[in-house]
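The two complexes that follow have chain A in common; it is paired with chain B in the first and with chain C in the second.
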Partner chain A sequence: MSAHPAKAQRVGMEVSIAVSHAVQMARAEAIAAYPITPQTHIVEHLSTLVANGELEAEFINVESEHSALSACIGMSAAGARTYTATSAQGLALMHEILFIASGMRFPIVMTVANRALSAPLSIWNDHSDIMAARDIGWIQVFVENGQEAYDHTIMAFKIAEHPEVLLPTIVNLDGFILSHVVEALEFISQEDVDAFLPPYQPKYRLDPKKPVTMGAFAMPEIYTEVKYAHQVALTNSYHHILKVWDEWANLTGRRYRPVETYLTEDAKVLFLTMGSLTEVAEVAVEEMRAQGLPVGLVSLRLWRPFPFDALREAVKDAELLIVCDRALSAGGPGGPVHSEVRNCLYPLESKPATVNYIIGLGGRDVPPEAFHDILARAQKEVESGPSGEFFLYGVRG
Partner chain B sequence: MDKFGFAQSQKFDTYASRLLPREEYFTSGHRSCQGCGEALAVRWVCKAIGKDAIIAHATGCMEIVSSGMPQTSWMHPWIHVAFENTAAVAAGIETGLKILARKGKIPEPLPAVVAMGGDGGTSDIGLQALSGALERGHNFTYICWDNEAYMNTGIQRSSSTPYGAMTTTSPPGKRSIGQATWKKNMVAIAVAHGIPYVATASPSYVFDLYFKVRKAIETPGPAYIHVLSVCPTGWRSATDLSVRLGRLAVETGVFPLYEVVNGRYRLTVQPPKLRPVIDYLKPQGRFRHLRKPELDLIQRQTLAAYELLLAKCQAPYPEFPVLTHEEEETIPEGA
Partner chain C sequence: MIKYTKPLEQTTWRETEVGGVLTVPGTAREYRTGDWRSQHPVWTKSRCIRCGVCWTVCPEPAIVEEPGGYFDMDPNYCKGCGICARECVTGCISMVPEEE
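Right after this comes the complex of A and B.
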């Protein structure tokens, strides 16, 4: 790997601020947003960058998240590189428009600082907001730390705007746990970003010289075909995503994969995590390895399009897969991630047994010890009969 | 523009109608009902806004009758996103164009941005997005097609449905006279935002409509036009009566034609003497069940509202003084 951090600059910075700098370096032209904790620092800082003329962009202070995404669609349709950010109730209020943005193929980039959904009201982190928006047809990635948040924000524009992709893209980062943490980060130079990410060239835009009708309604004879085209574009975006991530690796030395693995060699038991929980799980897995336990970790970085093959490959030799969800599919088969993972593995002849632990809801702290505890419990579950159960971890009496 | 004021608009037969554009931007072949006042209004408004415009449209009758994939009736660049967010989408378009022009990516002058929606998409579900966009001062024109109910979903009541009207969700019955609330004053709500141009219009007064749209487009900042659009299907009226009903709405004082420029009210069509409201209500099946007490109430209410409007027109001071564009330009940058 050619690791030559091009004029890299090391800075200590709050992750939210780093995200807003990534948006600045990506030269976003149009931003519409509405404040919600824990996303606020991102848009506050962006509006300051715009106010100071450090980012040549328009910032619309809309009256709701519904209008934020609606205005983003308008700006993107006009041909501008467009960005927004939200969390929890804000994402839920956007819900209707999320489908429209992807159905109409606008390459909007959005940061979701993941947060629990009401009720009861909680401003703290879990993934119930984004899991409720699982099927919206956007590309979705999860990041583990501030560096990844910065990197993936810039890459998201390049992926979304590729003429064969043209899909809105969400970068998920854990609220507070990540968004409000100060980290050491490596920025690349503006010249490098400019070379990596050329200006947005819209394929279609609203232009009186070349009028087009956007957002027409579809009769049953054609609706399915349009949905099919969307599905094909989303699955095919996988290759473009890998290409962009490769390019980034060549530029910065930081390589990303749809499914990341850690100490998985010879591992009989694997944990599966997403987002910042992965870093905690790494600590726990290291401790377990030191005790001689054959334990490893996989983390899902790419959530949509779902990396079926990469996941199958990563877990195929394990006996037990412990899927850690940060959301509950109420009244359903457990956590949404577990559901999808089991679905992914089902056709395989030899596959690990799976158990599902739902942890860290509404900001409940998950220390490394929790993983030790979960391992012990999970192994007992498997021994004592067929699994397939899910467990809400840490519920008091 | 003022020379084309209400005087001309009333002299329909003396005005040289051939001076109006021949180009059609809302083409035939759309699927609206026979006699649809809304489709007629769209056609004239599209002529008035001219070629250099972008339209954002709300879900509703006019979207559904005109945009069945893969066909379209729109010669303008046109976008439909959802029911309640047209003003926000238009605000986004206007902002997107602005930044692209500032960066030299697209040439100036910029196309006009026009948002269109029904009374439901305007005075009910879309009111928040509209209020936000008016408050922020985007340079766009919002046009409400007011057919006084949710027609696209089958004649359900909206807050713009007049008192006493029968709809499928405000049916008259033993305990109901039909719609039990009075029509929301959407124009007053628009005026209250202190925007530079607000008007009512009707496709039954084509020149009046035409020039109001031109004024709205040419006014920098937000403009709002409320167009009464007769709907034979929902109003239970004869399809050949639509233009006549639009005129009766004005002649009875039910829907006065006026404009509010920088807070100053002016009637643009002044009927010499109001006709009784019953002339307007009678041809419409939706009011068929009303008896004398309700009809009298509607008559009194109509006159009271009309007098209030006349008083506003005579007020020596604007209700909401708005900075003119020139005044605004004298404010130093960054102030």
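Right after this comes the complex of A and C.
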């Protein structure tokens, strides 16, 4: 089927500003956010749009991220299309409310400009913020560039608000590496966005004419059942995510998959990456292929719900899978992504060996050369038997 | 009193509302807070002046007015906090331990 790309406008723009325009085009009705580097430009620009009357939304200035998400929950409960954005310490400060948003099934959309957690203080990129919020019960997507950040911000509302989904959704974009870069982006028209994303129709809302109780406590007799209903909704959201992504592909010509693959055909060795690192790895893999090395790349776009079948299918024929994490689970098995990938592959009879490299912590640059080096090291590890659970790549001493 | 279609312990995950929303009011009545009680108030009628202070101060509220204007506790909801006994004007209420 040939796609019929919508009329697109090509613009050069900072990715943070593009995300705020995506929120504007999605006609968000309620925003509460607290500025934190490197997410600041997103909320700053949104507040400008609201102040200028270019976006008809309630913008609540709050004193913390804990309050930001709490206010979002209230506004979502009232039936508004609700958005927020944060990063690192801000996401950590939201922590208890993150579970409440998903448990109460409010389709809030949040951008997380991924950044390292303190201490030591670092404003630069890695994935330790979101990996510490792995179990919050939200849909979680990672984007690789600015275009994807724009696309997935609009799509996130449609996915989150589907009556059979009703789950808050996070779009992860790498802080600075994506948030502060100026890219050439394609915007679709407001008419196309409106046709793609109809107004939010909440199942329940705070309405004096039809009162309900939200956030009531649950006795031990019913807590497990409510939790399981949430688990099933999150797992089943997978199919709705695919449908929305397909619809977007028909509209724009840009097709997204839960597990993306690049030059994986006949590949004996695969790298696995997430976020903006994927585009760096693509450069390295191209160079390796040019040298005749059977190397390919898979990237996890969808982190929750975890794409078990798609990942198994993507890596089943490889001999070695090198999982590149951008976070460290201290005192544990190393990188959280590797830990879950290995868990996913464990039941398979035939599966690749896995090696875990943790790279790019706290904004340390990862050039394409790093992947060449990692490949050589990983192959040695496999030949001699792994010398550790994981490797913190580039650590001195 | 709200009547559920099913007791909570027989409700399946498919029958829960999205986000645990309660669509009917008054469901807290189904939760018998009296189960927690380790002591309960007993009124000595001969000293009771039927002033209703106990009824007023009960936070639950789990004190009911009986025919004749005397008061007693509602065993389903009285938690045995003892506020009624402390505030009773004539001291006619005493707290008695629950029997095992």
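The definition used in the following text is that the second predicted complex is superposed on the first by the 393 of 397 C-alpha atoms of A that agree within 3 Å, B and C clash if a C-alpha of one lies under 4 Å from a C-alpha of the other, contacts with A are read in each partner's own complex, and residues count from 1 in each chain.
As a convention for this text, contacts are C-beta pairs under 8 Å (C-beta built on N, C-alpha and C of every residue); 3 or more make two chains touch, one makes a residue touch a chain.
Remember, predicted model here, so these are calculated numbers, not experimental data.
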item	value
Superposed partners chain B and chain C on chain A - clash or fit	clash
Partner chain in contact with A:15 - chain B first, chain C second, else both or neither	neither
Partner chain(s) touched by A:166 [first = chain B, second = chain C, both, neither]	second
Contacts of A:60 with chain B and chain C, given as first, second, both or neither	first
Chain B versus chain C as contact partner of A:219, first or second or both or neither	both
Which of chain B and chain C A:328 touches, first, second, both or neither	neither
Partner with the higher number of touched chain A residues, chain C or chain B	B
Contacts of A:36 with chain B and chain C, given as first, second, both or neither	neither
Touching partner for A:229 - first (chain B), second (chain C), both, neither	second
Partner chain(s) touched by A:105 [first = chain B, second = chain C, both, neither]	second
A:203 touches, of chain B and chain C: first, second, both or neither?	second
Chain B region in steric overlap with chain C, selected from 200-208, 236-244 or 254-262	236-244
Residues on chain A lying within both footprints (that of chain B and that of chain C)	104, 211-216, 218-219, 222, 226
Interfacial residue positions of chain C with respect to chain A in the complex	8-9, 11-23, 25, 27, 31
Contact footprint of chain A on chain B as seen in their complex	51-54, 56, 63-64, 67-70, 72, 74-82, 84-85, 87-100, 102-103, 105-106, 111, 128-129, 131-133, 135-136
Sites on chain A touched by chain C in the complex	103-106, 166, 203-204, 211-216, 218-219, 221-222, 224-226, 228-229, 232-233
Chain A residues touching chain B - in the complex, by the definition given at the top	29-30, 32, 56-58, 60-64, 66-67, 70-80, 82, 96-97, 100, 104, 199, 206-208, 210-219, 222, 226
